[in-house]
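The same chain A turns up in both complexes below, where it pairs with chain B and then with chain C.
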Partner chain A sequence: MKPMRSLALSAAVALAVAGGAQAQDLTKVGFVYVGPIGDFGWTYEHNEGRLAIEAEFGDAVATSFVESVSEGPDAERVISHLAATGHDLIFTTSFGFMNPTVKVARRFPNVKFEHATGYRRAPNVSTYSARFYEGRHVIGLIAGKMTQSNVIGYIASFPIPEVVRGINAAFLAARSINPDVQFKIVWVSTWFDPGKEADAARALIDQGADILMQHTDSPAAMRIAEAEGILAFGQASDMAEFGPNAQLTSIIDNWSPYYIERTRAVMDGTWTSEDTWDGIADGMVVIAPYSDKIPGDVKELAETARLAIAAGELHPFTGPINKQDGSLWLAEGEIATDEALVGLNFYVEGIDGVLPE
Partner chain B sequence: MDLTIAILQGLIIAATPLVFAAIGELVAERAGVLNLGVEGMMVIGAIAGFAVTFETGSLLLGVGSAVLCGMGLAAIFGLLTQVLRSSQVPTGLALTIFGLGLAALWGQGYAGHSIAGLQPLHIPVLSELPVVGPVLFSHDPLVYVSVALVLATAVFLRWTRGGLVLRAVGENHDAAHAIGFPVVAVRFAALLFGGACAGLGGAYLSVVQTPFWAENMTAGRGWIALAIVVFASWKPSRALLGAYLFGGVTYLQLHAQGLGVPIDAQYLAMLPYLTTIVVLVLISRDTAKRSLRAPACLGKPFFAST
Partner chain C sequence: MIRLEARPNPSRAMVYGSPVIALALTLLAGLGLFGFMGRDPLEAMAIIFIEPLTTVFSVSELLVKATPLILIGLGLSVGFRAGIYNIGAEGQYAVGALAGGCVALAFYNVQGIWLLPLAAVAGITGGMAWAAIPAFLRTRFGANEILVSLMLTYVAVLWLSALVHGPLRDPDGFNFPESRLFHDSATLPILIEGTRTHIGFAVALGLVMLVWLMLGRHIAGFKVQVFGLAPRAARFAGFSERRMIWFCLLFSGAFAGLAGMFEATGPVGQLVPSLAVGYGFTGIIVAFLGRLSPVGVVLAGLVMALTYVGGEAAQIRLSLPSAVTGVFQGLLLFFLLGVDVLVTYRVVRIRRG
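The block that comes next holds the complex of A and B.
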């Protein structure tokens, strides 16, 4: 499958590049996507950010993108191709693009790179991510209140800190208001495979889950929840179209303000390597409209939490919190540091199952 | 018990796209043509099935269009490799890329829409039987079509004159040609059958399993189908077994995780592939068995001597 993919990619890069070789003062912005734009989840929202750049700057910028780039050797080839073809700013939008991005950045010191969800920076490599866990806290509260079976199904992709953080945040929030709630977590080892995501959703429902959460990119789980008559939370995009009855709300990634700001910085010559980690307060994490299925008091609970997070009064990881093995992680009132959250690689106490290494 | 029944039901759903794609490719390969474009034909079937169902509201038309579109792609492959004699491997790879791109283009307006999807049949008496009812007699019609197709293919290849001709063409096209069999026509027909099946497999994914349309939604199932054909050593019944085994282990490992089996998810995710390799090793130990051999003319170009 690899050679086929790279062929397709080279063609895509050639096309993308052919589109943009014009005037000197034109700022060229390139995007590398891990999935197809049509995933209606993760990559879709990054592309919305790209379109926002075009809308904001009009003819002063030219954007190009390569979609469905696998997180392996292909990524390095695609990134360096974009860098070699006059792009001033390149966004690589998946965790697995981290090492290729840093490697290519070393060879192209004049090109600015922005890597999403990673932690390796360089003078010309910034990192950015969203505090999705803040959104997970809100949906965890709703799930804890609304579950009848006390089993929440969670479809997870890969055991990276980003995903583990989300599971812990949602679980802690749910447990805080419902001591009987349990999470069943299924790792599908893919970001995007609608068939497998649907299978995972079916498996979780068979095992008694009546609310689904997902950290994968397609709306497949939402479709299954709708068909089976249970509830679910959307991921990355508003997935209400796929589950008009099933969706309770969705955590939306809103990259547009950040993408516009960073493009402007490149145009002004004020771009510097930074580490951005914004959340609900900055509008990078948005909670989609609540479903009518959510009772008024639960809505109020969720909304109070959302506003408290936005105001900086509430942190989803506030002690006392124990690790899964029962040892102490955060003492009473202690708030997790960003360093601790960035490297989070364990479940908190109460979650069943083994976290894959 | 309820969980076991649910697992068996889910397993069959997960495996059915693979059954379709594998049986189609198996017939093409028995005729001596290696079509690596299964993934492309599947994905075009997926979008055709979804788009036409969405536009017309008729699942029958949707599935029919998926079959036709799969055949259309297979016809392009047949024209290139059988008539114009291009090399089969790169042509098949190109067909996959073409199919993925064309499906993405066609599907632009359809991402984000939903259809009702194909509903399970309710067969009087049979569906109500305990255990057997829900596991075997409560599926959507396409599941039965897939099993019937495998049976029909097995009978055709083994016991009919047409099947004999097809196998002869795959084993020794020069001899078959010398006897007077139309090698190119037979291969073309086999390819069209393969395309129709792959299209059906894709449609199953988009109108039953998920049911929605997303780009690249086949996610490599076409390649797995190709592996299943080898795994099956080109026998229809084993292809059915292989598809169920692969789909089953894939589905079971999801359940095992939900049940909290204390094994790392990565190992569980490896299971379908490991099983495939282990079974391949086991069945190929007995190298003396003639039945394990690939069709002798598989992938070889045919030049008619005059």
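The block that comes next holds the complex of A and C.
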């Protein structure tokens, strides 16, 4: 018992000393990730943002992270752990961390929190997300032009508004230039499960899909597309490495500018609770380099749309758009409000299948 | 050539000593592993295994994490003693959480001291109902309870997910898959102010006492022991195997269901799709690591909880990957099984003639 106790004591002393030495002007930034940093998708990009903070501020910041945190009973503990160990700014990077983040924020009023993709804010809790659907519009156009079989396979995670928005945006864009295009959608009920994602990709190919889109986080589908000799779009990260022939382009989540800006705000003492929803215009949504497989005119079509979205001249949800049941959603020329998009829970007209409830 | 030979009388002291030896070997292996990785092994081990015991925050979180593990391990240990293997505690936990959460949501606008007991009864009933399926299939058709209970886990978790995506979804929640936050009177009281340690831990300790009494002093406990040690003798004594199967599965289902209800109304405070994070499976390790004894289960639950909390500290402080937790749990189980083999068998060298 004795050596144990003295070890504990010396550890505690060492901690106290270390804590005291770095307490002065070091800004500590913590991250909570839902997946492993090696997912090459969602979490990978958030971690790139963390590394960008380190590159920008050097010795003035220290960052830490906890990966693969489930969105259940453990989340609050991990967030508290970061708050209790002197972190000034904590990014919780998945929807399921919303309530734990708000709860912990109440107990640590001096710590700033940033929650990705949620809607609940507090004086020390900001929310942020990206308009991924703008990227979906661009890839929808490319897919509509390039499909031979007129079947696009779509691997979807959960039927939450963000995912439904992506499906609708891609479908509307594809239909706008190809009236025969069909979407086959498989719900895998996971954000990250390479096995399930690969199975879904195979099932979609069996059903005639010659282009795959995904709203899950691993490059498994891209690998299958490469192996089967079909085309695919990457998600969250540039997945060209996993499908050098298959990837047409990818919708990249670029969190770095936002993370740097918010860290600077904490350092300057100008941080306030905000709700940020940036898209292509602000560089939060980035279209990866186009594959050489895309013909020049298609590339031009995509690029024109991308620039128009960036300039605010084009909104992917501009009427006339009907709901799946044929009822009117947006009248001619009407643009969907952010409120409507935030709660979007129906397919648009033309998509087959039932949205899981 | 070497051969394993059953020891005629395995040492009783060693049966209880083997988890301690396994823990010591795990710590030694951890030191070696960190040294091999080029880290300061003592610092790393201190951060993972000692530092979490030194602050109020981490001790309180240890108790939070250990509560469902102790409850589930306790319920399972009784069945395992009788040789009835409920591997589906994870599913019973999910159904218990769902049933308890439904009560909390049904009386969303109602305050009352009766609400939590009612939710607890619902959780227990839910867990028992889910465990009744393998019990029925085993006693009626002879279906293997290990397989049936395991498969039902996936069904239960999908049910939870489906209901939270659908009817139980927060009406003001923008269609995100989670229920409303429970009301205060449907949320477990906190034991230590400013922490998340809830009354469920105290309840778990009380149940540990009861199970200990049952196993040592009550006829039900005696029957369980006899069934496990000598099934034939139990049958000669006229103990019903059917009733034993029903008893063990319902008993462990009740504990898992209660654990689920505690997690939903305690640390989480709402129903979310990922409530089931493996407690039911870790509970199996806890039961065996605790030698299927009530007090042992408490210690084992705390040790397993420590690997989670310490593993996170290692990520935050040392930038180690999250795999640390899994590596230590794996090492612990490996050494436990290894030491157990040597406790019940001895190694004999055979010379070829």
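We adopt the following convention: the second predicted complex is superposed on the first by the 336 of 357 C-alpha atoms of A that agree within 3 Å, B and C clash if a C-alpha of one lies under 4 Å from a C-alpha of the other, contacts with A are read in each partner's own complex, and residues count from 1 in each chain.
Heads up, the rule we're going with is that contacts are C-beta pairs under 8 Å (C-beta built on N, C-alpha and C of every residue); 3 or more make two chains touch, one makes a residue touch a chain.
Owing to the predicted nature of the structure, the values given are computational and were not obtained by experimental measurement.
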item	value
Fit-or-clash call for chain B and chain C when the two complexes are aligned on chain A	clash
Contacts of A:Val78 with chain B and chain C, given as first, second, both or neither	second
Contacts of A:Asn345 with chain B and chain C, given as first, second, both or neither	second
Contacts of A:Val354 with chain B and chain C, given as first, second, both or neither	first
Touching partner for A:Ala305 - first (chain B), second (chain C), both, neither	neither
Touching partner for A:Leu141 - first (chain B), second (chain C), both, neither	neither
Touched partner set for A:Ile185, first chain B, second chain C, both or neither	first
First, second, both or neither for A:Ser64, with chain B first and chain C second	second
Chain B versus chain C as contact partner of A:Phe95, first or second or both or neither	second
Touched partner set for A:Arg202, first chain B, second chain C, both or neither	first
Chain B clash site on chain C (candidates 24-32, 132-140, 276-284 or 294-302)	132-140
Chain A positions touched by chain B in one structure and by chain C in the second	4, 7-8, 36, 68, 159, 189, 356-357
For the chain B and chain A complex, residues of the former touching the latter	3, 6-7, 10, 13-14, 17, 93, 96-97, 100-101, 104, 107-108, 111-114, 117, 205, 209-212, 214-221, 223, 250-251, 254-255, 257-260, 262-266, 269
Of chain A, residues touching chain B in the complex	1, 3-4, 7-8, 35-40, 68, 153, 159, 184-190, 192-196, 198-200, 202-204, 206-207, 218-220, 223-224, 226-227, 241-242, 352-354, 356-357
Complex interface listing, chain C residues touching chain A	42-43, 46-47, 50-51, 53-55, 57-58, 61, 64-65, 158, 161, 165-166, 174-178, 181, 194, 196, 263, 267-270, 272-277, 308-309, 312-313, 315-317, 319, 321-322
In the complex, chain A residues that touch chain C	4, 7-8, 11-12, 14-15, 30, 36, 64-68, 70-74, 76-78, 80-82, 84-85, 95-96, 99, 103, 107, 119, 158-161, 189, 342-345, 356-357
